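Have a look at these structures, which come just after this line.
Next, two complexes with subunit A in common: one pairs it with subunit B, the other with subunit C.
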Partner chain A sequence: MFRGKVRRHVEAIATGLKYLVKPNRITVYYPEEAIVLSERYRGMIHYDWDKCISCGLCAMICPADAMKMYRKKGEKKARPGINYQRCIFCGYCVDICPTNALSFTRVHDVAFEKLDEMLYPPEKFTSEWRSPAEERGARRLRVVFDEERGLKHVPEQ
Partner chain B sequence: MCMGLVSSLVRLVLSPQFFGPIVFPGLVTVLAVLLSIIWVERKIAARVQMRVGPLYILRPLGGAIQMLADGLRFFFQEFIVPETVDRVPFLLAPVVAMSFAMLPFAFVPLAPNFKPYTVPYSMPAFLGLNTVIPLTVLAMAWGSNNKFSIQGGIREAYMTIAYEAVLFISAYSMALLYHTLDFAEMVEAQKVPGILLNPISALVFFIAMIMSAGKLPFDIVEGEQEIVAGPFTEYSGIAFGLTMGIGYVQLYGFTLAFTLMYLSGWEPLVAPLYSIYPALGGILLFVKAYLLLVFIVFLRAVYGRYRLDQALRIGWRTLFPLAIVSVFLSIALGVIGVV
Partner chain C sequence: MSSSVMEARLLEKEGDEEVYEVFIGPQHPASGHMRLIVRLEGDVIVGVDPDIGWVHRTMEKLAESKEALKAIPLLERMTIIDSQNVTIGYVRALEKLLGVEPPPRARYLRTLLSEINRIASHLYGMGLAGIFVNHSTMFMWCFGDREVWIQLAEELTGARLTHSYSVPGGVRRDLPQGFKEKALKAIRYMEKRLDEYHRIFFDNPQVRARYEGVGVLKPHEARRLGVVGPNLRASGVRYDARLLGDYGVYDELEFEIPVREEGDAMSRLLLRGDEIRQSMNIIRQVLDKIPEGPILAEKYLRLIPPKLREPALKEGRIKFPGIFANLKLPKGEAVARAEMGHGEIFYHVTSDGSKKPYRVRVVTPSFRNVILFRYLPPGHRFMDLPAIYGSLDYFPPEADR
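After this line comes the complex of A and B, so read on.
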């Protein structure tokens, strides 16, 4: 039993040394390199003003009460707005939308300076999302499977 | 007159009494070691854990001056003294702890006939001064008046009784082997490095010194996943910087002691450097100690943290008997007359 313990200690230290000498980095230099996310990535939500039929299903299904219908005075149609303080990015609203007015973007790396900025009423909800890293010219990397390493990052063609 | 002043100043700086504790291996070198070793630790841990580690501050060198930036931040951060603390121990304890972490350097000889403080008992004096630090940690814990601090303090008390006896017994076994309590004489007595003569004592001392400095895998006192920062929870600003540095300074001192006792210190002496100025002969001592330090911080990336009861069990059930065995081994070797 004693020999087994010693062996395990030696093995652990040897494994550590192996990675120290030959590092196997799996993270990327983020602001300079960004991983291209999959088509179905659930990032920030985009709202298409013209497709919306004001059914209100999105607000009804939202489990986090993030989605809410807004109606202006004098207007008949109510339109959805979202509060990103509450959104859990479950995707129910996107799934249930009968006209595909709501859709996911692949942008997730945004920051807000104030809590109020996270509130998106219908007019603001239609704005386009852009990844700040990619706007600054980050190299786009794609994750691929590799026989030896498991996962590998290669530049997107 | 002016020349006389300059030459006497130079003589003062180059005297072993000043040069040892203040320049090398003391204060100035300690700061350099602190700044570098924390970066090395973070970088090594990052490599083993498949990450990048500190990077952006001085990017060409991989973020090498990260700790300088952190240190500056500590300086300019507000130092909050909570209303409910016991002010005297709260403010005094980190300073006292840092002082007592620095004092042992006065007993580290650098080269033949270069001792800052000439005393025939440098080894017990070195270890004895280090035993004050747990008491200051208890003072911090008590003075902070915080539940996490108290828990950390209790852990420190438990840990102290687990490692201190072991540390002393293993060190004294080497004293028995070399027939001396003086570091310099120990180095001279080592024809063969002490680690080969008494590997049991070396192993026990190695583990006990990591426990004593409270570094991973024995950072039980701080236990940041459970009790925030243990006894240091209420500290902020430069006082937190001090409390963070104590462990590293202590560990650096211990690696010097380990090198002197087990790795034949400054031998083989670099004669050309020694003839320029005796303290430069200690360069090999420093290199060995630093490499040992790098190895210890590397262990952080390999081991998970031990629980308090596990550490106590190791201390009392494994290390304590091993330390006793090392004493008998030393006596046996002494009787045969190896040294």
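After this line comes the complex of A and C, so read on.
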């Protein structure tokens, strides 16, 4: 009984020591390094002005009321705009868009200085998204599954 | 509640001046926003009142104000760490109302994500059980290894936690390229890690001293109190909503429902480890057996214009048919139950024939398990309370809804 306890104490400490010598770090040093998000990642949404047929399905299905149709005075067509204060990135709008005018980008690390900046009316909605970390030259890291370490972050070629 | 079993556990007497009241919470005491009002006689607990409701968000009422499909991302936020399992019951209830069945491949994919979520949820619970007794290594390890499963879920669904993966009639994304190899690597990694968990935590005499023989829940009490999930199965009752065969492909797979007899805090922890092994066994079988075919029911698939449908299917995703924006629910009622990481979740959806459900009733596993805070700790030392709390894997936002 006593011997078994001592053995298990030693085993516990030995297991801990193993990782003291050879730690299994998964932290990524953002913004010097940035993870390349997976291919179907649901990030910020891009709007294609020319493909849109103003059907309004995106605004209808939005569960968070983030998407709204905007109509300018004198214009017949209403166009979608998004409020990123409300968006929950469920991607329903992209999935229901019948002309693929809406699409996901793999950018999610965007910061806004003012709340108003998170409002994207149709004209602004067409803007391209770029990761601020990558713009400042962060090393791009790919996530690789590994039997020994679980996840590894390796530089993208 | 006049049972002698329960009275025996409630030692508190009114007007007792020897009794101290200690308020734990509602700031984050380690696992969530709730308050425990603990009554102590010296160092011995004589009564605990779980004071819940601090994170109540009127989920059921909000679900009534939204079109049926829009409630999926909402209800997901009850248990954000287990979002597929928490919404699959709702989706099944909608499917029963709409009279649509998911195709086989979609059912396999749902099972796959359900089990990935279950593993992540158990790791979360085990990590917190570690930090409750100041074992921060276990906390860090579990949360680090949970990342592996979150990464798998992200590659399948496109989101780390809020997957919104199941929709009435099927799922939104097909298996990505090379998913099987990645999942098998994750499983082999996790199997090794579980052995290490045993060495550093479960078999560690210091941890055993805190958890063993503490907060014993007897089978007949567990049944009486309506406890669900691993907390019930650790008391020797073999009940699991997956056995009902209402969702997923659990009736086509071979797996065990782990059961332990002791009913103490340690067995509740060990049972979660057993379940992780079984979940990995299920994932292996799902990846081997998964049939080819559509991932959305034919009824909805043919509503998508072919010009739109075919390129999307090639990318392994579906487009929603326009009808999803205002899906009309036929008049009637439907119930569904599913097994989450924390236990069984129950949905009762009533429809009056409009687009929005008339009523969505949710009974969550944490809500059913919270009663244990009242009945398990009395008679124990105060420092046993964190051990009992940690072993229950209680998730306040889920109980409060």
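Simple rule for what comes next: the second predicted complex is superposed on the first by the 139 of 157 C-alpha atoms of A that agree within 3 Å, B and C clash if a C-alpha of one lies under 4 Å from a C-alpha of the other, contacts with A are read in each partner's own complex, and residues count from 1 in each chain.
Assume a residue touches a chain if its C-beta (ideal position, glycine included) is under 8 Å from a C-beta of that chain, and two chains touch if they have at least 3 such contacts.
Model, not experiment: these values are computed from the prediction.
Chemist: In the overlay, answer first, second, both or neither for which of subunit B and subunit C A:F145 touches.
Modeler: second
Chemist: Would you check which partner chain A:G16 touches, where first means subunit B only, second means subunit C only, and both and neither mean what they say?
Modeler: Both subunit B and subunit C are touched by A:G16.
Chemist: Would you sort A:I26 into first (subunit B), second (subunit C), both or neither based on which partner it touches?
Modeler: Both partners, subunit B and subunit C.
Chemist: Of the two partner chains, subunit B (first) and subunit C (second), which one does A:G74 touch, if any: first, second, both, or neither?
Modeler: neither
Chemist: Could you tell me if A:R42 is touching subunit B, subunit C, both of them or neither one (first, second, both, neither)?
Modeler: A:R42 contacts subunit C only, not subunit B.
Chemist: Kindly classify A:M60 by the partners it touches after superposition: subunit B alone (first), subunit C alone (second), both, or neither?
Modeler: Second partner only.
Chemist: Name the contact category of A:C90: first (subunit B only), second (subunit C only), both, or neither.
Modeler: In the superposition, A:C90 contacts subunit C only.
Chemist: What is the contact status of A:G137 with respect to subunit B (first) and subunit C (second): first, second, both, or neither?
Modeler: In the superposition, A:G137 touches no partner, neither subunit B nor subunit C.
Chemist: Which chain, subunit B or subunit C, ends up touching more residues of subunit A in the combined arrangement?
Modeler: C
Chemist: Enumerate the residues of subunit A that count as touching subunit B in its complex and touching subunit C in the other.
Modeler: 12, 15-16, 24, 26
Chemist: Would you pull the subunit C residues touching subunit A in the complex into a rising list?
Modeler: 66-67, 69-74, 137, 144-145, 147-148, 151-152, 154-155, 157-159, 162, 164, 172-173, 176, 181-182, 185-186, 188-189, 192-193, 196, 199-201, 203-206, 305, 308, 316-320, 322, 324-326
Chemist: Per the contact definition, I'd like the list of subunit B residues that touch subunit A in the complex.
Modeler: 44, 47-48, 50-52, 55, 298-299, 301-303
Chemist: Which residues of subunit A touch subunit B once you look at their complex with the stated criterion?
Modeler: By the definition above, subunit A touches subunit B via 12-13, 15-17, 19-20, 23-27, 29.
Chemist: Which residues, counting only subunit A, touch subunit C once they are in their complex?
Modeler: On the subunit A side, the touching residues are 5, 8-9, 11-12, 14-16, 24, 26, 37-42, 55, 57, 60-64, 88-92, 95-100, 104, 143, 145-151.
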